[in-house]
Amino acid sequence: MPFPDLVQPELGAYVSSVGMPDDFVQFWTSTIADARQAGGEVSIVQAQTTLTAVQSFDVTFPGYGGHPIKGWLILPTHHEGRLPLVAQYIGYGGGRGLAHEQLHWAASGFAYFRMDTRGQGSDWSVGETADPVGSTSSIPGFMTRGVLDKNDYYYRRLFTDAVRAIDALLGLDFVDPERIAVCGDSQGGGISLAVGGIDPRVKAVMPDVPFLCDFPRAVQTAVRDPYLEIVRFLAQHREKKAAVFETLNYFDCVNFARRSKAPALFSVALMDEVCPPSTVYGAFNAYAGEKTITEYEFNNHEGGQGYQERQQMTWLSRLFGVG
Amino acid sequence: MPFPDLVQPELGAYVSSVGMPDDFVQFWTSTIADARQAGGEVSIVQAQTTLTAVQSFDVTFPGYGGHPIKGWLILPTHHEGRLPLVAQYIGYGGGRGLAHEQLHWAASGFAYFRMDTRGQGSDWSVGETADPVGSTSSIPGFMTRGVLDKNDYYYRRLFTDAVRAIDALLGLDFVDPERIAVCGDSQGGGISLAVGGIDPRVKAVMPDVPFLCDFPRAVQTAVRDPYLEIVRFLAQHREKKAAVFETLNYFDCVNFARRSKAPALFSVALMDEVCPPSTVYGAFNAYAGEKTITEYEFNNHEGGQGYQERQQMTWLSRLFGVG
Amino acid sequence: MPFPDLVQPELGAYVSSVGMPDDFVQFWTSTIADARQAGGEVSIVQAQTTLTAVQSFDVTFPGYGGHPIKGWLILPTHHEGRLPLVAQYIGYGGGRGLAHEQLHWAASGFAYFRMDTRGQGSDWSVGETADPVGSTSSIPGFMTRGVLDKNDYYYRRLFTDAVRAIDALLGLDFVDPERIAVCGDSQGGGISLAVGGIDPRVKAVMPDVPFLCDFPRAVQTAVRDPYLEIVRFLAQHREKKAAVFETLNYFDCVNFARRSKAPALFSVALMDEVCPPSTVYGAFNAYAGEKTITEYEFNNHEGGQGYQERQQMTWLSRLFGVG
Amino acid sequence: MPFPDLVQPELGAYVSSVGMPDDFVQFWTSTIADARQAGGEVSIVQAQTTLTAVQSFDVTFPGYGGHPIKGWLILPTHHEGRLPLVAQYIGYGGGRGLAHEQLHWAASGFAYFRMDTRGQGSDWSVGETADPVGSTSSIPGFMTRGVLDKNDYYYRRLFTDAVRAIDALLGLDFVDPERIAVCGDSQGGGISLAVGGIDPRVKAVMPDVPFLCDFPRAVQTAVRDPYLEIVRFLAQHREKKAAVFETLNYFDCVNFARRSKAPALFSVALMDEVCPPSTVYGAFNAYAGEKTITEYEFNNHEGGQGYQERQQMTWLSRLFGVG
Amino acid sequence: MPFPDLVQPELGAYVSSVGMPDDFVQFWTSTIADARQAGGEVSIVQAQTTLTAVQSFDVTFPGYGGHPIKGWLILPTHHEGRLPLVAQYIGYGGGRGLAHEQLHWAASGFAYFRMDTRGQGSDWSVGETADPVGSTSSIPGFMTRGVLDKNDYYYRRLFTDAVRAIDALLGLDFVDPERIAVCGDSQGGGISLAVGGIDPRVKAVMPDVPFLCDFPRAVQTAVRDPYLEIVRFLAQHREKKAAVFETLNYFDCVNFARRSKAPALFSVALMDEVCPPSTVYGAFNAYAGEKTITEYEFNNHEGGQGYQERQQMTWLSRLFGVG
Amino acid sequence: MPFPDLVQPELGAYVSSVGMPDDFVQFWTSTIADARQAGGEVSIVQAQTTLTAVQSFDVTFPGYGGHPIKGWLILPTHHEGRLPLVAQYIGYGGGRGLAHEQLHWAASGFAYFRMDTRGQGSDWSVGETADPVGSTSSIPGFMTRGVLDKNDYYYRRLFTDAVRAIDALLGLDFVDPERIAVCGDSQGGGISLAVGGIDPRVKAVMPDVPFLCDFPRAVQTAVRDPYLEIVRFLAQHREKKAAVFETLNYFDCVNFARRSKAPALFSVALMDEVCPPSTVYGAFNAYAGEKTITEYEFNNHEGGQGYQERQQMTWLSRLFGVG
């Protein structure tokens, strides 16, 4: 199949040209500080399931603006001492799903949290979290909501939720604050990179076929949505290219990667039409911490699936001394 | 081509089963009253164009919640006395476009207003109006934004904007308050029907291939988006059918049609895969005022295009005594 | 969206016209007896995973012809007494996947077995089981392999494997022989119905959007593969319609349903283009045991997904007195 | 989105390899002379519309072979002195449409003429002009009609019509012969370039995303029709490549561009799958007159639409001293 | 697969509503007479091939207007006495192809003639025959060329060519004038029906999945081109439905079938999306001569292919006493 | 149209990197020897047809494992002396078809044999030959059947059948053993190359747009199936790339080409999305015998069709001194 993008060895040598805004750190520092300032309550209620070997909890915590954000927390029923934590973020359009889904981390001895994505959660898995903030004129979807101003951009709120999730989880006495990992695929991988770049409490980052990396290249190489929402936006708003990319620089995972220190396990698919491999390598090659990457040569955006989960479980168990 | 829906004579006999909520009138009365209460300023600024035979003005007026809504007002340069008004609403995803577009109404002696659609205006024509209100979990697009509660539903805000546009235009001394018409195709046709059903100042309604009619049938017959956004929403939110359709009843143009009195000129396309003809006839057959409909037998959702514009200009000029 | 098939109340009233061969019972009795005669060893080896709350085992058992068939057996780590068993069969093209996947049954206190599908296991999840038997001329896929003779048909081997899996599992001392359930979606649902119709040890059947039901109607209503493999076969082998449907009668789940006695929980999706709802109702309406069905009105072949899993876990836990 | 063709700076540097036939000028000189020789009447009849600020006329003039060609002439109702003229040619498959459409040039103080396209006018807008000449074996469409002989090729007739339109319009006393502009998009842009290259009376050329440029490259880069009609023709007529391209050289706008002197305002879309940007640059880079080009980076073949119209109106008003 | 049209027993009972023009016979009588009047030469030249068991000749004969029409005549090398003749007409878009193709009739002892289709012959097989007559505005393709006037319609010329081919072949001394058959699939089947309805010299008609039958139903049931060219034409020329169908009545094979007397062997495909089965039955049920039809239940427009050829060879050999 | 692959002059210079296994010759020598050892009967029965100028025979011969393989043998009715033989192999998915099809070789004085393809023969033409051997887990289709072991791979059996066909035909006294040619397109072209590389009795090879050439490049350049079956297999069986390509080396026609000595006439299509031209040139450039190639610049996988047949007939007649 014709590869949609660069192949090796070009991928390994690719350097993203994404610009780093001068006030990148300040923007995120003050954004997170404001969110913490907004406060809000954390609620944890056991979910009604038939599960016995693990237990599932319905969590509500305050995200950006103090808005209530949902998630599932799943714990092994039998455990001793503080648990290492894996927080997972969800791919584009999906939500946290149901309480009994995705049990492999909890069944392996981790506290596992799956965060809902504000406003999303209707497309391929179900969510229950609102995004109470509107937008200037945008393309259906989330990529161009508020994209003309970095303060209004949708992902400012979502990335902040993801950091605030860590805040909420670290407040639980059965979580080990020294063993915090984040993961996710596609959009969830991008959020993981963002959280890892913002929050030094995170000790391991596992982004799979991450989205939200190297926007300038992505809009020129992606074959399928959602990067193309940006293309369609600019096809109508023909005068707004500069404004759009000025905003996107604050949300580009290449920039978060440049500032990251936690060990990272990436994956990339060489036939990925949604998150072209050069955009993933744009972030990976820029990643400042210890890092490794698994290539899936014949996969499209589905990437490594269970194979990569298996690799993550082994890698993180070793890193965190589990099992 | 296989017709996607009913054909004649079934269409002419079709009666929609959409339910009328008991508090339908009250809901809309208080919604409009609240919006008027919210107040806001009207601004009218001449646009920079090369036009000389007509003149184009950039209008901002307060819509739902007092939010600023944009539109173009185009007037014939040479005119005497008060002008009849045609307000046009835009199809799904589009915006008001540019100042020099769509001149045929002004060039025929009408004051013509083309209202921007909040939040939309990025997909096939450009808009500049924000929708500052967020949403619970929804499908990309506008059909399911806030759909779980009639007070939060996106179209509550949009229909209110459309009525408030009439408020703003009636405040202009060159507009004849006795000769107000509304028109639009697809979503714009649906908005026209809603405004005609809410606002007795409207004296003519010209919906083309109208959208937002007979939701229960539409989700079962539409072949292409956007009605299918509702289907996709319910494919994930499997338990929320009742809540969704309870909300939609307040926004279904079948219900507005049942309460309308102004003369109406409809059009319908018998091969329409987006707004299936039975849904249009659901509204047309329910329409309580004087009415006529043009059928385009071999057209899909593009409907009558210039042919229907020509018919509208003739019909409305006669009705309003123009030319 | 235009429904691809019948809607209610026609679905509830639909009676399949599939013919029951005179020697149907005899065919299956001797087929299973022959397989048992062929013998073979059962092997159970613990899989290498990070799992602790549950344990996963790599099972090999003798299927049709004594051919070695793989599966994963997953057990709750902490349990007392004999465990109720859930055997799951896989959808078309997939395989048993990896050892750490699909943990919700084991985590709910069941012994859970996921059987590999001979020859398949390359399309959307991975398998490791060969089908050492060839075929007369056939369409790529499995629907027409050996379809000209009931003794050579692919599904004779696969259904037999599924019964032989029960044989193997009942030989384990931690399995409760009085609480055996089978489930699966699509092809897996069809296999469940077949096993439930052949094997009286099965005490609960949970077919989701089952495939392999009511072939004569399926080839006329399915919009997408794999039923259409049969259509394509007959489009070339124009003289073989009678031979093909004579074979298929022995494998049609309508016939298995007519002979079933275990309580059954079905699901069906009304927009299912792969397994049209009338074919599912063809089996459901014919089902001779106690039965209930969940309709997913706005879903295509994905059906109920996690919602249906949740319902199954509740239904079966109650039926088997678990939790 | 993967760009279908070259990007900058390659585009700016691209030089077309289209060959210039020795008798190119002579071919066109004698073609036009023959058409003038054939004679024919010009008829101008006011159209029945509701328009008042502008007036629309139904024009018939003699084109190639004296064949009657239709067009709409639209004038500002109030004007003094001779009017500058803009002649527009139509995109592939369309016709002149209806009398009230496309008013922005007349409303800006220009005499505006929209020429019908012989034989076309059925696909996306309506026309009324026959092409009474047949063809050797050809692909449905117009690209290969008579393509085996330059004298029989469809575009010989169409380009001649376009020059003869200028002849007809210059005969009107309210048209200023010193201020003649031509424009059009896609096929209309190609015709504009051809007319500008043949007829020195033309003082401004405004081709948008022009078609009919650099055929040898176009057949290798276009992703969608109509250039691919030529590919399909040669896929069957496998021995006729030389004959086809020998003909096309006489109609390639690269060659007209090489001979043009009027100022030109081009536009190009970098994601154009119909008229790939290198083919447009093939003509632009070869253009011998004063020239400028607007790039629409994120647009496909729709190009600049209203944005480009706005730019044209400003550019031409300045050039011709209007407004 | 969902059948695109009626199924049995509805098909067998279907009666077309196509209207028979009063002057239908007169129109065709005078059309053929005019063509004969126009005269022209027949030329027969042996083709350069490696064939030895059969011989292939390049034929040119005068068709409508005396225009030169091509065809291949293929004869068994060894034969005695006069040969029965099979004339085949070609499907839409194709041409007569090459001299060595389609040998089964000649190899079975028939004189076989494959007529080229004027203007076509570029799409899927190659032709060499021009259609020197132009058209009013039409959709790319042949269905709407001249469709506004029965005298100008493309198929008037093509059907006349097909009758004139018989004239030319009957002039050859090795052809048996009492054993003339016509055949073809799709468009070729329609031409066969037309020739059989016009020309009493034809003694056998073999239309496969015939096109050009029952236009009013065809435009409402066809899923794919070319009937849909008419739909697209009327989607733009919205006022011309009556004119179009008035013309089409003179070319509808339902009307030719009503006047036919020769024995006929039809075929029809029940999943045919191009020539829906009800349109074929519209002609078959109306056919006035002795008739039989083969149904291909699981085929789309490819129909019976070699199976039907085999049946034709057997049927015709018996009818004509060959072999 | 964008070329899917390399163009000239890169194609002419392209050198495949396919590795030659050390035991390649030994593998094939022993494979063929084993098949001959397995023995089996040849049966030749005249087919029931209307054919007189040629005669068609239903042949069954022993292939790999002695399995019965079908084919049609077609001979000119009138002939003297021994006939040169052309054996044709069939494209992917098809079968030998019917007895009266493809007569041009026999009608040109050749004994012509069309071999059925085991297991295939259901997709676009009909076959009657079983493949009695099963497979490990594979993608629907034939490309990955047994691909994990060279001894089990499907094409081992098919290539062996093709050599054994020559064995069977050489046993006929009317066949000239010094004039044996093989041909085929796509898969048939690949088989031809394999037979030519294995069997020195073959004196001419005519592969058209051959498949099964240069697998490593093919999986990276093919746009459409069947090479992509391998990609899909490896997308699930993520750890088996090495095993798959180790097997494929034994079946890659680049390797057969390197060992071939018979004169060869290739064809290639430059827009071929199924068998990209570089893969064909990979084999052609490696071909060790005398060779020529015809390029079809504007064709996709249909290639040269009748044009290439004509060229083959001329080329082979000259080479073998026929006619």
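Before moving on, here are some points about what is shown:
Chains here go by letter, A, B, C, D, E and F, matching the order in which they are written, and residues are numbered from 1 within each.
Basically, contacts are C-beta pairs under 8 Å (C-beta built on N, C-alpha and C of every residue); 3 or more make two chains touch, one makes a residue touch a chain.
Just so we're clear, the structure is a prediction, and the values are computed from it rather than from any experiment.
Note on connectivity: the fewest steps through touching chains from subunit B to subunit F is 2. When the partners of subunit B are compared with those of subunit D, the chains appearing in both lists are A, E.
Chains that touch both subunit C and subunit F are the following: A, E.
Comparing the centres of all chains, each the average of its CA atoms, the largest separation from subunit A belongs to E.
Among the other chains, the CA centroid farthest from that of subunit B is the one of F. Centre-to-centre separation between subunit A and subunit C, using Cα means, comes to 37 Å. Taking each chain's centre as the mean of its C-alpha atoms, subunit B lies 50 Å from subunit E.
Averaged Cα coordinates give subunit C a centre that lies 63 Å from the centre of subunit D. Each of the following residues of subunit E touches two or more other chains: 125-126, 232, 307. By the definition of touch given earlier, these chain pairs are in contact: A-B, A-C, A-D, A-F, B-C, B-D, B-E, C-E, C-F, D-E, D-F, E-F. Residues of subunit C touching subunit F in their complex: 93, 95, 119-142, 144, 232-233, 236-237. Interface residues of subunit C, counted against subunit B in their complex, comprise 1-3, 271, 296-300, 302, 304, 307.
Across the complex, subunit E meets subunit F through its residues 49-54, 76-78, 97-98, 100-101, 103-104, 106-109, 125-126, 306-307, 309-310, 313-314, 317, 322-323. Interface of subunit A with subunit D (complex): residues 4, 219-223, 228, 231-232, 234-235, 238-239, 241.
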